[in-house]
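A, B, C, D, E and F are the chain letters, set down in written order, and residue numbers restart from 1 in every chain.
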Amino acid sequence: MHNVSTTQQFIGFDASYESSQIVLVGAPFDGTTSFRPGTRFAPSVIRPDSYGLETYSPYLDLDLEDYSLCDIGDIELPFGNTKNALKEIQTTITQIVNDNKKPLMIGGEHLVSLPALQSLYEKHPDLCIIHLDAHTDLRDDYMGEKLSHASVIRRAWDFLGDHRIYQFGIRSGTKEEFNWAKEHTYLNPFNLETFEDITIKLKDRPVYLTIDLDVLDPSIFPGTGTPEPGGICFNTLISALKSLTCLNHLVGADIVELSPHYDPSGVSTAVCCKVVREVALLLAHK
Amino acid sequence: MHNVSTTQQFIGFDASYESSQIVLVGAPFDGTTSFRPGTRFAPSVIRPDSYGLETYSPYLDLDLEDYSLCDIGDIELPFGNTKNALKEIQTTITQIVNDNKKPLMIGGEHLVSLPALQSLYEKHPDLCIIHLDAHTDLRDDYMGEKLSHASVIRRAWDFLGDHRIYQFGIRSGTKEEFNWAKEHTYLNPFNLETFEDITIKLKDRPVYLTIDLDVLDPSIFPGTGTPEPGGICFNTLISALKSLTCLNHLVGADIVELSPHYDPSGVSTAVCCKVVREVALLLAHK
Amino acid sequence: MHNVSTTQQFIGFDASYESSQIVLVGAPFDGTTSFRPGTRFAPSVIRPDSYGLETYSPYLDLDLEDYSLCDIGDIELPFGNTKNALKEIQTTITQIVNDNKKPLMIGGEHLVSLPALQSLYEKHPDLCIIHLDAHTDLRDDYMGEKLSHASVIRRAWDFLGDHRIYQFGIRSGTKEEFNWAKEHTYLNPFNLETFEDITIKLKDRPVYLTIDLDVLDPSIFPGTGTPEPGGICFNTLISALKSLTCLNHLVGADIVELSPHYDPSGVSTAVCCKVVREVALLLAHK
Amino acid sequence: MHNVSTTQQFIGFDASYESSQIVLVGAPFDGTTSFRPGTRFAPSVIRPDSYGLETYSPYLDLDLEDYSLCDIGDIELPFGNTKNALKEIQTTITQIVNDNKKPLMIGGEHLVSLPALQSLYEKHPDLCIIHLDAHTDLRDDYMGEKLSHASVIRRAWDFLGDHRIYQFGIRSGTKEEFNWAKEHTYLNPFNLETFEDITIKLKDRPVYLTIDLDVLDPSIFPGTGTPEPGGICFNTLISALKSLTCLNHLVGADIVELSPHYDPSGVSTAVCCKVVREVALLLAHK
Amino acid sequence: MHNVSTTQQFIGFDASYESSQIVLVGAPFDGTTSFRPGTRFAPSVIRPDSYGLETYSPYLDLDLEDYSLCDIGDIELPFGNTKNALKEIQTTITQIVNDNKKPLMIGGEHLVSLPALQSLYEKHPDLCIIHLDAHTDLRDDYMGEKLSHASVIRRAWDFLGDHRIYQFGIRSGTKEEFNWAKEHTYLNPFNLETFEDITIKLKDRPVYLTIDLDVLDPSIFPGTGTPEPGGICFNTLISALKSLTCLNHLVGADIVELSPHYDPSGVSTAVCCKVVREVALLLAHK
Amino acid sequence: MHNVSTTQQFIGFDASYESSQIVLVGAPFDGTTSFRPGTRFAPSVIRPDSYGLETYSPYLDLDLEDYSLCDIGDIELPFGNTKNALKEIQTTITQIVNDNKKPLMIGGEHLVSLPALQSLYEKHPDLCIIHLDAHTDLRDDYMGEKLSHASVIRRAWDFLGDHRIYQFGIRSGTKEEFNWAKEHTYLNPFNLETFEDITIKLKDRPVYLTIDLDVLDPSIFPGTGTPEPGGICFNTLISALKSLTCLNHLVGADIVELSPHYDPSGVSTAVCCKVVREVALLLAHK
């Protein structure tokens, strides 16, 4: 009907899968969350709220409407079975990658990055990761579980190895994790001071960007499982994203850990929507 | 993709428009709300939350999956212009009616019933209304405005005339409204005592059902603009709906006044979803 | 200015003090609350929200607009000094009583009834109390304090003595309190079964009505300090209030224990407003 | 120190493990929850809020202080591994049972009942279950997973077999589940009409009581994962519990599915606390 | 009565209309809000919460108690009729201006600035606007409506013309709006960098100050219809306001877009109250 | 039992009283709070939420696990009697001090600092106070009450005298308070600019640290009774705490004014937990 619309896609992501270079997909998994669960609801809340956004970014001076982008919805995941859930995610991301498209995945908890990284790594064996987060995520296991949101970067290291992982904004972890990082990853604690230098260094490498939104200060992003005071502010994140325009091979990205039920004012969801817009433009404009 | 899904439709409403006899549509209008606005968000919240429902109703022993039902999304409406908004709604409902389908409209505030009633009245000049509500909605105007959620049934009377409107559960209004009702409508205050008798009386008439969910007690339905303590409980409403199975010509229905931002626990949304399921089954099974 | 209004008074309470027989006053005290404080905010939230009410009661078929009622605002109370706060309340209520007006006090916690009862008792030495509550409020002290919301009825008994206090809806207390009540008060536990009989018995006595709104089930009245599941529903309370029309000397009343910050949907406030309307009409119509 | 206290135990559960016949334990697991997670927080919120309760029950005229009861805290559970979590629960409950004590387990989601039932079944091979719930919980699997909150009673049937399971208050499920129940369990839909008859029939059998609190109407119990309007009211549940005093062998119980983060007013937590008190007294008084 | 008070006015605004140079008035209109409505409640919540403020500003070293200020309450507005609502606002502001007083208007949505600007423009034909906002508000229409919160500054330009409008903090709009601004207004995006220079330039011009509080970052001001991450912090706003002390003709001001129902912690309301105090002192001290 | 745990203590505070040098104790008093009460709940919410923290501080490079720390629970306090409540607090703190341990007290409102200061002052007659706060807390009385959260520092001055009190971050008070401070305390308004200088100056003095968490901006700490926009950010507070490592005699500390019911996202509680960890490490490492 002429005057009827549904808002099932993220704003500006209305192209067909075939014609799109960027594919947004939700991974509503929060099965290993140790504190406050609920990131499973993130993809379903950002779609309607994205219509509070403009498609134009005054930061990047780019507009979603100038690109072909699609939103294929959410991956259907079983409850209570971590391995099978990760397998489903990997199947989807691998297909996107094999179709020569770039995935933009919305979590869910941070563990959803693992299957995406595995898919991208198969395609790009020299893959590097830029990782923004409040937490190291470098535990070898969490209460005996190897597959945990607190271990996701450590699991990625299992196949990527040393000197491929660049961590920023980290302000929480065990003493062991911080020590382990000194030998195996690049870890810039508390802030993004060296972010621009690293982006320049990586400009010709295939890079995957994983943003745990709890890298932001909980003043602007309260809606997350484990809020960590002392994070960066929104404009610092935006500046960092702008510096990523120098990357020639940003091959995929994810934005994780929005937990909308801990966001009574809706501000965290608004933050997530804007970060999705900026990252989509970064993926698209080159 | 095989394992990806979006939940843009109400559960069980996944048929095509062409093949469906029942058409669910959202009318996200709350422009004349005098106390707490926000019913505009009702259609967009009930769709994802409907997946917490089963498609099977143990009350009616009927299943949404046994019928062809479609959800065409929400009508696009301007902000700040009541007349134009009502015109858009009427256009959509008229098309559904002209296509020989039954509309199931989700408000929005109660004023959205007016254009739907106008559309149905054109098709069925002997139309009757069954109206469940906490409020009479019989003011001639509200602060000078003729088009108001507080006047919607009075405006319907303007063209339907006397003895066509059956009101139940009413427990709030001015003294004048209650007096006016004595001459022009059938008004059963406070409860649904005579509901079954009336449904039998109307069984061969074309009937439109309009449910202002604030007919329910705010204990079970807090999420509404003007909560009125002293309403009916959910099981009373279900029993009433069951008695509607005797109607041979239920030609359309609406369910209005869910205001989800005043429903912090999500229970009002769950109520609305279940009422939508029951009403859809009533519309479909005959 | 012609088109400007403030809503500082409860709806319908816009007469002058001099011309009014009924005087509404707020007593925003919650200093002895043992669990969740916040009843101090009740008077200030019910005033603006009262404008969501009609002035006409379909239950009593009476209208606030047909009476002269005034709202003198809130009593200014010190913080952290229970005795001085009670003294301030007593001063205000005594003046109202001495001016031959009936006080309708809005709490605050239940302890605010004590000074009001003292004022009324001085005027009416044969005063009786009708007390609706979830709790006995009959402790001799609470953690050593004699002046406590949990002791208010016991303190009233100190001067009223036996056979003056009629308690209804009580469903929580120590075993000692229930036993003490057997000898000193009339206590109808759990519900209002004998309420009507008692009102008939008291019809020619001076009666003070104190409604702790937690007598209601927390489904309809969650916004209170100590919610007690298993209470009466709103319509039961309304029926009880209707039966009070037989009283010839209802000399004052209070409505206490609304704690609006535990009422995220606003329903408890709506309940309180409607009870205020009904009680005001009871006080006024004779 | 003389004037310092911690409130780590449920009120009245302050005896030693050795001296207690009733052992309260938390099972903070919500790993298979399909809609809104968060029942993991239930045990930790009911402990401090239980101090808003009296230890005396006017319903049963019994007092927690007259019994030796202990609260051993929460079982430590891994995240993201359903099998291991259930194993941990079973270990704890088996130890309690082997020590000839009665477990009173607080969920968590309903799946936590499964290992408890297994432990009790080993001790009492003729065990019966009284099951209060809104949902049948009889699916053979949920999205492929056999171990699911939606399958817990079906899994219990796997070892208990026909005619051991008595279900009450059920108002949601697939058509298949309701049909399956007709042959394999006793299912009283919607309400508790036959509850008393069944308790008499079971009075000499070993009985395990499992209360999914969503059997209550969401008006009084909004704080749960999948609220189902149309449930029983609190007083109906209390009456049913009172009729359980006729059971001579109530060997254990659980109370599950409180999800406190969906309970902004705290009322659901108050309900859960009171149900724990009543069930503890039922377990203790014989 | 000596110890009774009502808090119907904003703190410190207790002078008579006649004796006051500054007149605070509420304009509770949100009829064209396109995303989350509710700014209509702002005036009624800031009055009681203003009593959490001191009257003394340590920023300006000025005290409300040293000036004659009045609060005339809220303008009564119809619902669902934008034109009539704006007409009512204009009537009130024109009267204030004609009485040689300065209006300090509290929104409501931003469209309420339009009639105020028209009133002031009639009095001061060389009026300039200082506009703090997250959004350009420069659309020619919004979904066909010329009178919209998203068009309010464009509508003001219709009569003010070029080089009269100074916009700061803007970080959201369409590409077209940003381009249009380059020719017709002065627009300082993202921050307030050039604010002080502009205030010096305007020091002898009649200036109207319109503060859309969403210019603030949503971390400190979540309670608004369309939160835009990346805004200025509170101290930056305070510094800007301090630099306005150089203006010799600040002839009126408004503070708009507080939507208190999206402010569960009450912080946005506290922010609004403090901004009202500072702006009132700016209007008063010269 | 081997796999069961309770979380009644703050994380890392699991040593015995005898073996500990630092003793954490809750003082759940909010009896003189003038605006929004509820700080009484702070100690009980920070204990379970502290398990979302790591024991390791990357700011101080110290770990709670390397020290012997104990949490003795909350002081039992009467309701409605300020003097007795303060006496109970003083008794407890005096015992801790006499046992040669350092108290780390969690409020409650700020008035709880007074008895702690009295205890410490008896032991250390040359005691100085470092006071972080949004408010001066220097009133001689508040509505006639000498014992008030708004007077606590003034009451401390009564026995400490001039030049012992160092106040930082102050941004609210009466003009009289600011003037009084000029002669009797050291007051650094708005920020912590001179904090480090002062800590160096005090390095050999016995110092008590009292942190009213409302010194933080309400963006990061909304959960407090009287939020004051314009405060310091979390990292500024952390830097200040780091500079306290130079103190040789930090003899006690308190952290007050968390009001968790105004913290719907839980972020304020997370802030409080992290500040407790940092202050505990400061007290312990020397």
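As a working rule, a contact is a pair of C-beta atoms (placed from the backbone, for glycine too) under 8 Å apart; a residue touches a chain by one contact, two chains touch by 3 or more.
Just so we're on the same page, UniProt names per chain: A, B, C, D, E, F = Agmatinase.
No experiment lies behind these values; they were computed from the predicted model shown.
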| item | value |
| --- | --- |
| For chain A paired with chain D, centre-to-centre distance based on mean C-alpha positions, whole Å | 39 |
| Chain B and chain D: spacing of chain centres that average the CA atoms, whole Å | 38 |
| Chain A residues counted as touching two or more neighbouring chains | 36, 76, 217, 219-220, 262, 264 |
| Topology of the chain contact graph, where touching chains are joined (line, ring, star, complete, other) | other |
| Interchain contacts (touch definition) - all pairs | A-B, A-D, A-E, A-F, B-C, B-D, B-E, C-D, C-E, C-F, D-F, E-F |
| Touch list for chain F against partner chain C, complex | 30-34, 36-38, 40, 76-82, 84, 111, 142-145, 147-148, 261-262 |
| Interface residues, chain B side, partner chain D - complex | 51-54, 56, 58, 63, 217, 219-220, 233-235, 238, 264-267, 270-271, 274 |
| Residue numbers on chain E that touch chain C, as the complex places them | 1, 3-9, 25, 44, 48, 71-76, 88, 91-92, 95, 264 |
| Chain C residues touching chain D - in the complex, by the definition given at the top | 35-36, 170-175, 178, 189-190, 217-220, 222-223, 226-230, 262-264 |
